[in-house]
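So that you can tell them apart, the chains are marked A, B, C and D in the order they are listed, and the count of residues begins at 1 in each.
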C-alpha cells in the first residue's frame, strides 16, 4: 500500500492569494492513498524541505506530491529532498498550481477547485509510480574518427592531446582529404600543404593516434560509451609494415595509364603509386584495375624491384574489431557532377575546368608543376573567366538549393593569385551575389577588385560555346543591362559542393539522420551544433553543412572537446524514464524499431516457456536504456501495448485523464 | 432520461509536451495571461507519447474537447517525435470525424516555450469553440456521467 | 474453378508425396457446399480438399501459428491474400523459407447469404459460367448474375496481381473491379457529421463483441490484444455502453492502420453484417491522400505510412478542419 | 482598368512565381533574342514583381521573344521568364481581337509533346 504525503505551498501570496490552500489541504487529506497533507509558506525553502523530510520519516511516506510551482522549476529540488529522506527520487510528483493555476485565474473559487483537481491528478499518478534507478554504463576510453581530412585530423589531434586513444578511419590510401588538394588557403594565402602536412605528420607520430587508411567502417553496434565497430581494411596489396615509401616500385611499373585521382584526373599515375609526396602513411598501393599482374598475372616487376619484399599480390581485405566510447563523423565533401549543366560545356571542352581542378593546375605538385597551363594545348591562358554559383542555389532540380559558402572566397583567391603571378592575364568573374562574411573576408575580396583589377560582372552566364578554339562565354551584365560575350582561353566553374556520398551509408550504420541534401542533422541547430541526435556521435566539417577550413577546424575542435568530456567520465548515468518492453506481449513486428529516432530498439530471438514443459523461440524487442531518451514514440506505435515508458506509463496517464475528468 | 441543463461546465484536456508547450503554458502563467480554468494540462515527455486511447478515454470520462500541444515541427526535443504525432493525429482526428464526432472537439497546436501568449490565445479560442459546441454527446459513456 | 481445384489438388498431393512440404493449408468442405473452412492437410489425408466460389477465407493468417510448428508448408493464396502474406513477412510473423506459396486464380468469391436474400434456398452446389452463376438447389437450378452474388469483400477488388508467389495456377484472365474501391467511403464522407454519426451509431449498435473481426484479421496477430489486457485501461469483454462499441472499432482499426491490406475478412465474418471494412478503408484512403499512394503488403521492405513521416506532412487542421 | 490587365492576372496566366527570382540574369545571359529586346527577359520578371504592367504591355520585346524556352530550361530557381513574356503577349493579343487558328486544329500528338506556352506563341505569330 502506498502512503502518500501532499505538501501544498503558498509561495508567499503567489499561490495563496488566489488558491484557498486550507481547502486544498482538507480535500487532499481525504483522497484515497493520502495519509498526510499539509500546507506551508515556502515549500522550497530550507524549512519547507525539512518539513517534507520530517513528514516522510514520521508518516512512513512512500511518495510525495508537492503542489507548488512548475516542475520545470523545482522538480529537481524536491527529488533531492525526497532522496535525502531516504525515498526514491522518482517517487515525487509535482502539481503545478502556480503557473498553470493561481497565476492565470482570478476567481478564488475557480482556482481552488482547479488546484484540487490538479493535486488529485498528481496523486493518481504517483499511486502508480515505481522507484526508478538511473542505469550506469562504463565508457571505453577511445574515440573513432571517421574521415581523415582536416576535420578528422584536427579532432583526432585534440582528443589525443587530452590523453585518449583515437583511431582515424580513412577510405582513401592517405589522410589529408580535400585540403591536401588545395594550393593556397584564403584569406591569408598560406600554402595549404605547408599548414596541413605538419598536422598529418603529428597524427602519424602520435602514440595515441592510430590511422586505418584505405579502410571503411563495416558495422557499428552498441551505444554511447560502448560502440563496437568493425573496420574493413581494404587490400592495398602492399604490406604497410614493410613498405618504406621509397618509390622504386612506382618508377618500375610499366602500366602508367591510371588516372591520378589526387590531381583530379588531370594526369596519369602508375598502377602502383603513392598518392602524393607527403602522403600519410607514406606507403604504396596497387590499383587492381590497372595492375597487369592482378589483371592478367603478367608482369610482377614491382615485387622483384621492392627491396623490402612489401608487395603482396594475394593480399585480401581484412577486418579489425575495436571498441570506442565516442565517434566523430567527418566524411567531408566532393564537388557535384556537372552532367546537368551542359550549358557550361564542361563535358565537351577540356579548357572548362572546375575550381578544384584549377587548384591542381596551379599547384607546384600538380600536373603542370605549378605553371598555369590550359589542359587542351598546354598554353598559357590569356583570358580566364570564372563562373560562380554553378549548381549552387539551384532549386530547379539540376543542382543544389543551398549556397556552397566557400566559392565566393576561393574564386577571389584564384583570381588574385592568377593576376599576381601572370599580370598580363585578363580575369573576369560572373557573380550573382558576393557573400563574404567572416574576419578579413570582405577585405580579401575587395583586394581582388581594387588591388589586382579583377573584373567582377554582376550576372549569370547563359552558355559557353567553342568558336575557333576560343571559349565564348555569353552572359548578362545586369548593371549595364547588356548581354556580353567574353572570348576566353580558360573557363573555371565554381562548382557546388555536396556531402561525400559515403555519408548515407555511415548515417544508416550510426542511426543518425540526414537532411534532404544529404547533410547530417545536428541534435539542435542552435544549441547542439556538433552533436548528432544519437548520443556519443559527433559531427565535424562539411558532412554537417558547407563550411571553409577555419570553420571546419573550429567545429572539429568543438567535437573533440565534447568527446573528451564524454571520455573523461568513468560512468554514464542515464535517464531512468525510458521505454521498456513486456516480452510476453511483444509480437516482434518491428514497428517500434522504425519510429525510434535513436536506434535504441533492437530485436532478439528469445526462448519462452509455453507450458507443458515446452519452449518456443520468439522474436521480441529489446530496449537499450542507455540509448533511449524517453520520448515515447514506440509506446504509441506498439499495437499490443507491449512498450511502455517508465515515469510516464500508459496506466499513469490514463489515471491522470480519469482524475481530471472526475466531476 | 433527464435532460442535462445549461449548467454544464465544459472540460478540456490538454496534453502538453514537456519541452515546448508545457514550458509555453508556464510562460503564459508567469506572464499572467489567463485562459479558462476548464483547461487542465497533462504533462507528457513528447507529443508522440499521446496514444489515441488517451484521447478516447478523455472523451469517455466526460471531456468535451481534447487538445494536443507539441513543439513546432522541426523543433522537437527528440528530433522527430512531433512528426509522428502529426501523422497519427491527422489520421485519428479524421477517423473521429468519420464517425460523426464534431471535428472542432479535437485539435493539435504547435506551441513553443517562448509562445506564452500563443498558448493562452489558443486555449481561450479552443475553450470558446468547445463552449459553443456544448456538451460532448457523441463520444460519451453514460456510466461516467452519473 | 473445377479445373483449378484439380490442378491444386494435384500439386498438393505431389508435394506432400515427394516430401517437399509437410503440410498444406487450403480449404475444406463442410456439411453444405457454402460451409467451407480453412484446414491443414497432411500426406495421408487430403479428404475434403476444395476450391470453389465459396472459398473466400484468407489463409495467410493461419501461417503464423502453423509455421511455428516447424516443417515446410504449402499454402494457396488468392491474389489479395498474397498482400496479407507479405505484410506478415515484413512484421516477421512468418518465416518465408518455411512456406511455399502457390498463387491461385480468383474471380471473386460469393456470399451464400446474398443468394438466400434473393430467395435462393436449399443450395446444393454452384457453378461459375462466365458472368453467370448456376445454383443447384433442392428446388431445381437457378441462374443469377455472378456479380449479384459477390461477397462484400469482392465487390471491389484491390488487385489481381500476386504480390508474392513461388508458382501460380491461373487459367483465365481475372476480372478486375478496383475503380470503385473508395466509393462507399466517399459517400459517407459527403454526409453531414450528424448523418455519419447516425450511420455508425446504427451499425455499431449491432456489434455483439464476438471478436470475429479481430480473430480473422491477418493484421491482428498480437500475442495479447490490448482489449484482453486489464493493464491497458481499455480491456473489455462486452460492450457495456455504446461508447465501447466505438472505442473497440476505432482503436482496432487504428492498430491495423498502415498494415491493413484491405482483404475484407472483417466484414466477411461479421455475424451482424457491419461494414467494418469501411473503417479500415477510410484509413487507407486518408493515407493515400495525405501521404501518397500506399498498399500494405505490396512490398516487404516498404515503410508503413504510420511509422514514416516527412517534414512537409499536412497538418490535421488542414485535412480534418476543426479550427474556426 | 479592367481585370485582365492586372498584375495578378498576368501572374496567373504565366503560372510562375516571380518572387522566386534571385536576380542572377542567367535568362538574359542565354537569350538569343536579347539584343532586339527593349525590355530584357530578366526585367520582365522583376518588373512584373514590381507591378509595372503598363510598361510591359507597351514593350516591343514581347514580339521578339522566340519562345525557345532556353531561359525556362536554364533558370536555377524554377522561374519561367518566357512564360511571363508570353503572358504579357497574351494579354496584349486579347486586347486586339480573335485568333485565326483554333485550338481544335492542333493535332493531338503536337499537343502532347510541345510546351503549351510555345503553342500559344505560335497562335500569335502565325495567325492572319
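Keep in mind that, in the parts below, contacts are C-beta pairs under 8 Å (C-beta built on N, C-alpha and C of every residue); 3 or more make two chains touch, one makes a residue touch a chain.
For clarity, every value in this text was computed on a predicted model and none was experimentally measured.
Chemist: What are the chains that chain B and chain C both touch?
Modeler: A chain counts here if it touches both chain B and chain C, which gives A.
Chemist: Any chance you could check whether A-B or A-C wins on number of contacting C-beta pairs?
Modeler: By number of C-beta pairs in contact, A-B is the larger.
Chemist: From the C-alpha centre of chain A to that of chain B, how far is it in Å?
Modeler: Using C-alpha averages as centres, the distance is 36 Å.
Chemist: List the centre-to-centre spacing of chain A and chain C in whole Å, with centres computed as mean CA coordinates.
Modeler: 46
Chemist: Roughly how far is chain C from chain D, going centre to centre by Cα mean, in whole Å?
Modeler: Those two chain centres are 55 Å apart.
Chemist: Can you compute the centre-to-centre distance for chain B and chain D, using the mean CA position of each chain? Integer Å is fine.
Modeler: So the centroids are 50 Å from each other.
Chemist: Mark out which residues of chain A touch at least two other chains, giving numbers and ranges.
Modeler: Correct list: 595, 637, 650, 654.
Chemist: Listing for chain B: what residues touch at least two other chains?
Modeler: 52-53, 57, 80, 84, 88
Chemist: What is the complete set of touching chain pairs?
Modeler: A-B, A-C, A-D, B-C
Chemist: What residues of chain C sit close enough to touch chain A in their complex?
Modeler: Residues in contact with chain A: 68, 90-93, 221-226, 229, 231-233, 255-256, 303-304, 306-308.
Chemist: Touching residues of chain A toward chain B in the complex: what are they?
Modeler: 70-73, 96, 98-101, 103-107, 110-111, 113-114, 117-118, 121, 513, 521, 523, 533, 577, 595, 597, 629-633, 635-637, 645, 648, 650, 653-654, 656-658, 660-663
Chemist: Tell me, which parts of chain A touch chain D in their complex?
Modeler: 343, 389, 393-399, 432-433, 458-463, 474-478, 481, 483
Chemist: Where on chain A does chain C make contact in their complex?
Modeler: Those residues of chain A that touch chain C are 584-591, 594-595, 603, 616, 619, 637, 639-641, 650-651, 654.
Chemist: Can you tell me which positions in chain B touch chain C when the two form their complex?
Modeler: Checking each residue of chain B against chain C gives 52-53, 56-57, 59-60, 73-74, 80, 83-84, 86-108, 125, 129, 138-143.
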